[in-house]
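Just passing along the structure, written as structure tokens.
Chains: A, B, C, D and E, in written order; residue numbering restarts at 1 for each.
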Amino acid sequence: MMKIAKEHLPRLFAALAKQIDLLLPAQQAEVVNFAPFCPDAEIDLTTLKTANTPKHFFLPQVEDLYTAAVNAGQISISAADTPIKPFAIFGVRACDAAALDVLDSVYLSDPIDQFYQTRRQAGCIITLACEKPTASCFCTAFGINPTEPCGDITTWLTDDVLYWQPNTEKGDKITELVADLLQLTDESPAQDISENICLPLDKFNPDNLLALFNAPNWQDLSVACIACGACTFVCPTCQCYDITDFDTGTSITRYRCWDSCLYSDFTQMAHGNPRTTQAERFRQRFMHKLVYHPANNDQYGCVGCGRCVAACPAGLNIVKVIKKLEVAGNV
Amino acid sequence: MCKPSTDLLIPQVGIITHIRQETPDVKTFRIVTTSGAKAFSHMPGQCAMLSVPGIGEAMFSIASSPTNTEFMEFSIKACGTLTDHLHRLAIGSHVTIRGPYGNIFPMEDAFKGRDLLFIAGGIGLAPVRSAIKYVFDNRTNYGHVDILYGARSADDLVYRHEIEENWASQPNTNVYITIDRPQDDWSGHTGFVPAYFADIGFAPDKMALVCGPPIMIKRTLDALLTAGFKKDQVYTTLELRMKCGIGKCGRCNIGPKYVCKDGPVFRCDELDALPDEY
Amino acid sequence: MEKIGVFVCHCGSNIKGNVDTAAVVEQISHVDGVAMAVEYPYMCAEAGQAMIRNAITEHGLTGVVVAACSPRMHEATFRKAAERAGLNSYMVEIANIREQCSWVHRDTVSATKKAVALARAAVAKVHRNTPLHPGESSVTKRALVVGGGIAGIQAALDIAEAGFEVTIVETTPSIGGKMAQLDKTFPTLDCSACILTPKMVDAAGHDNIAIHTYSEIEKVEGFVGNFTVSIRKKARSVDMDKCTGCGDCWAKCPVKRVPSEFDSGLCNRTAIYTPFAQAVPNVPVIDRTNCVKFKTGRCGLCRTVCQPGAIDFDQQDEIITENFGAVVLATGYDTISLDKFGEYAYHDSPDVLTALEFERMTNAAGPTDGRIVRMSDGHKPKSITFIQCVGSRDITNRGKTYCSKICCMYTAKQAILIKDKYPDVDVQVFYIDVRTPGKNFDEFYRRAAEEYGVKYIKGQVGKVVNVGDTLHIQAVDMLEGRHMDIQTDMIILATAIQPSATAKTTAGMFSSSVDQNHFMTEAHPKLRPVESHTAGVFLAGCGQGPKDIPETVAQASAAAAKVIGLLVKDKLMTNPCTAATDEDLCNNCGLCGNVCPYGAITYESKLTASVNNALCQGCGACVVTCPSGAMDLHGFTNRQLMAEVDAICK
Amino acid sequence: MLEIMKQRAKELLESGRVVRVLGWQRGDFPNLREPVFFTTAKQLDNLEYDRFCAANLSKYLIGTDVPTLAFLKPCDTYSLNQLVKERQINRQMTYIIGIGCEGSAKLTDMEENGTLERCLVCTKTVHAAFDELIGEDAAPREKNDRFAGVGEIEAMEIAARYTFWQDHLARCIRCNACRNICPVCHCKKCVFDNTKYDTAQRANASAFEEQMFHIIRAYHVAGRCTDCGECNRACPQAIPLHLLNRKLISDINHMFGEYQAGTDTETPGPLTNFDIEMDKEVGL
Amino acid sequence: MQITDFNPNIVAFCCNWCSYAGADLAGTSRLQYPVQVRIIKVPCSCRVDPLFILRAFQRGADGVAVCGCHPGDCHYATGNYYTRRRMALLHNMLDFMGIERDRMLLQWVSAAEGAKFAKTMTDFVENIHMLGKNTRLADWRVVNAGNNETES
């Protein structure tokens, strides 16, 4: 365990930023987002929920795959070579760090997604323990301890000290970059385990898959859904993407970008659509997070960050689905 | 061993070397790489992503047999932006191709040594053709082969020439063809595939493979079960919208399965465990 | 696979002199989809056209781009050439490399570059062209004329003479219009009634003409060739078939104090009346608002005296619906109200008349039997003053900004008529300008001024005050620059004219537009002056703008010619470059219909907008209004135009 | 007031005048209210109405084909009218109870954080359509000028304006919440989703596309936007989208005459209308 | 890129009935105007969708002009009245977002005004020269691809 006085944090950040691209939670208008370090940025280490999640840096909203030059019907392809420099994100909370595990389980499983892997290898996650949950937090329901976040380095911030604990080799390397600013210590930060939120997650057993899928109240639960993608795009674990083309006038850039299962054209094919109603699309999102993903990965697809709770303009959220979903013979 | 997905998302350039008009709206394209080789090896049932940059990309089942080491064939029905565009392409045009994607028909497992019944409707014969040709090229590994194929009209029968000239004359093979409604120049059977299936009265001792439009698959499955087939004797394929082909983009997700990776081939008893969203 | 042929024209040296056509051919031939590109000295020559035709056949071209002069010159030529070779004519696009390139840019290098860009844009567009086919619609071989004044009568007669049935709809009880009220006509001074009445009789007696007087247009549906019009025949309370026109009824009518519309209120009429002696039809109507029977239930004298028993108090408005192929709107004019012009004392003195009132006064059949007298005391006036531009050319927002056009001439006419009858009467005219463009017009005016001694004073009247039995006029003589304070016995105002009150609503029913003054707008002010914006609807007379009788008659005949030209066709070909809605995208929001100047968009299906191809002229206003892109314009689709943008920006 | 609302809703439901009731109910977090259709009197016990009921319910009435009671705040009724005008709502199928409004709470991570800006500058305090009214308007109009924010930007140097918007729009994640929450964004398929027209853009792949999306989004509702402020409320990135709409409204008011969309169900909007004389002044 | 190398890209949407004919008249009168002006014909100025204008800027146009019949002379009676309102709003909107006002131009040019067309375009191009390259509303993907192309 190492520590640094809170007042020296600006020095720590400046020193880090000199050697690696450093992203920090900073105030941007009315929201806090991870932003590249700059000396006059308004760094915010109290807001738990950045509007953007760390997902942005590993599975960016838009990512070029390759360029196809078409000349007189002849195609030549060159893979995108977006340079990825090593970077570190400071201030990642426990939920968001856990969310990366969810993304890893998809993108680093066979076949591995090289784009994701490259970014994942380049990025160092410096987590920051939470002290107190906000009104929308429910990570503990998913077994996440907000005071013990994982990540390459874990940090705890008290009134006057930041504790620093490297957990991985990558974390060690980053620590070395600023070793002169950190002091070894035997102290350990006080860890208030905030109260555990309990949600009836038992019923989301993959064995119940069809019973859950056929639950009678999906329609009722989804009635207010306006089919925007706010919940999916603020979600640190949502992972669906679209592949599409941009014609630059001289070549075609094929890129992937986030997509949302809540959009009506997500599964639209030339000759039909297996999910024609919003209720079906709504169901897909929650079934995927709570049943399908766990069935394949032994982890829930939700980390309880609560961003979707705040983002939904219609007041819908996963907590309600967890609580209210009526499984025949189960609730 | 992990195969990097970048290889799978980034295609090779393919050249159309031959085009055959199968029906008024189906063409079969023969595709090789720019060096003239087959783009990759595959097994029956697998698919590939074909694309014209700037137009779109879509998954197509490979209609040629793995035993063909020179080229791949795709039978494509014009029914959307990309497919319409493909139909306008001439020999020598470039497309992009990546794959293979998806699982395979159990040619080397469940099917091996068994009598086989192939049932297809319309363009659904394309993936089945790969399996049929694979069987013919490894004839001794399989028992009796029945092929039941139907289409809306005689004009809509794909590979008609090949079926009549080649398949029908294969040893230990019966071919049954039907079209939905009678028409002037047709002397063969008329009626829907499930009904014809029931009329013929196949013994339920074979392995069956059914491909075609969803409604045809559903009706044929019913007929197969009525005839005494068990669900674990019957295989079919699903078709959903796909983008990545490697089980990441989430589009073809049904239950815990990604059709592009875990499918498109499913044994019918496996389908029962999946939500009815296909 | 698209196979587009590009044909680059030299236009002799017109293009080639400034554009390296060989380079254009070279560069354009590498563009995706271009199967062949050639150049030729004159593409529009028969040999050039043959090149196009042969290439279409030889190469199986799916599209053609001709880089040549303006499409306004030869687009039709090249489209026809393509059509002859079996290629849909709408698969041809023109790159204008002459008017918009070689002729306006001197530097060959940059002009060539631009020519390539323009050709590339045309190729990009052709890529997204689709074959278009003109539609066909049938033609109902009958015409409707709205308005029974001289314009309507003339148009109806011309159309009827050509062998087509015509229906005239007139709101007043008789046809004849304003011309029937006039005494003499300028500059020939022939009797208005003498030349109009025969035409009214001709119309009434013509086998092909049906006249509905005392009737209004109720509803209009349909489009060119196929209008369905509902006509409200207001209850006349007199059976048209039974009435003999004897006049017993109005002779006995006890209500005798209704101001006569025909005599401009200078005298009265009865409640049951025919507007004037030569009325067509010569069948009276009961003015129900003034009739005692209708007001109190007692009376019924007319019924008692009517021997044929034609009076029918229970008659109801009748709505008849007829089909027409073409329409002439001849709704005519009215004079403006003088309420806002207190300075002329029109409401204060009975001796201040409008010119139209004066027409009745000088008319031998008028209220004074043609004697010119002061309405106040019945005396003959010693001096009469005309005031011009009352409410015309007015920029004070009280009147009209335009010139009413006829006033200068009728004032000269009226002044001459006065001087003819009473050479001793002093006649003076206050004018701003005297405008006399027209055959024999200036001569006529000069006769008034020089021969008849009418005093023309350039100046504006500031105020008229009625003092005792004389009218005091305060004015400025602008030529002399002096204030004038003169006395006169009678004043005649050249009141501005405006479209009749029904013009706007009538035009609206036919989806035709009116201008800010409610005059009906012609399709083109110069080249389509008798056509409205709505196909099949034509304009005649003062409803379209101020004009005199010969102009009105000329326009009516012109409109009739247009109608005849339309009605002789068995089928109408419709422009295929019309808007169309994608039913999968349209959610029926109704925005597009708001901006359609032709009323071509309807929402009858309740689910989506639908465009009537016969009405749509292809402007594209609706397309841009549609937020979802459901509406698109054939020939200029969103995709086509965006492809052009992309190509041209490269 | 809530009790009266429940009472009336129950009466109308029980009398058969309506078969469902559109209102709000309490969500699973303290300050969360969600739009809901009630179909039984018993369910109506859950009807909620307070500062947290910010959602504009009018959009949920689109396509209503059964008699539906809706509780609408004054500003929501303008959207209702606009949607009736655009044939998306059959007014005959709705029964509108106008309810008084005291301004809606602004939430930051589910905690109350003052009052929504739209309520502070609210001009739509009178219901534009209703069948009956319950409660009084008590909107806390602290600021009078809803165009003040527009004016501030207009007063900036052009480069500053550009930077202002670049900074904001760079945060856009194209979640489409602004679009989908908008009552008048009722296209079956948005031009930005339509691959058929070459206009599709699923994500903001470049700064241009960020601008493009937001310009066109605002432009397509120009003259139709009632300034209900839902886009601003919905944006998870706190992009001041309402400024774009208000800029258009302000320009429309200045150039084409004062216009409030949704005041009635007939008047053509300013972009589907013109005034030959007045528009001369617009120049350009 | 040197400022002297700046070769602006100008798109002019011209209505078929007036402005396109006006441009033709400029041609028949041999009135010179800058070669960078490239005309796209539309039936009426009201056919010009703001999407097209943005599209042109995206694709690298440095200036976009919309030309139509004079108000009152619209071949379709009322088309340009809508254009006038639409373009006024778009123009202000772009300005509001920090895009140079003068990159967009709405001008009425009749079929008789060949000289006006040439003058309008000359002045417009001059203005664009002063503004320089459109960077604020161009798509960097197009710009980059274009740059690569010239390099290769």
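The working rule: contacts are C-beta pairs under 8 Å (C-beta built on N, C-alpha and C of every residue); 3 or more make two chains touch, one makes a residue touch a chain.
Since we're looking at a predicted model, the values are computed, not measured.
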Label of the chain whose CA centroid is most distant from the centroid of chain E: B
Most distant chain from chain A, judged by the mean position of its C-alpha atoms: C
Whole-Å gap separating chain C and chain D, where each centre is the average of the chain's CA atoms: 44
Centroid spacing, where centroids are CA-atom means, of chain A and chain C in whole angstrom: 68
Intercentroid distance (Cα basis), chain B paired with chain A, Å: 39
Residues of chain A touching at least two other chains: 70, 73, 242, 246-247, 249-250, 259
Junction residues of chain D, two or more chains touched: 189, 191, 196, 199, 205, 271-272, 276
Of all residues in chain C, the ones touching two or more other chains: 515, 595, 625, 638, 642, 646, 649-650
In the complex with chain C, residue positions of chain A that touch it: 70, 72-73, 247, 249-250
Residue numbers on chain D that touch chain A, as the complex places them: 24, 27-37, 55, 59-60, 107-111, 167-168, 171, 173-177, 179-181, 189, 193, 200, 202-205, 230, 233-234, 236-240
Residue numbers on chain E that touch chain A, as the complex places them: 59-60, 141-142, 144-146, 148-149
Parts of chain A lying in touch with chain E, wherever the complex brings them together: 246, 248-251, 253
Chain C contact footprint on chain E (complex, rising order): 9, 11, 20-21, 23-24, 26-28, 30-33, 35-36, 38-44, 46-52, 55-56, 59-61, 72-73, 75-79, 82, 86, 118
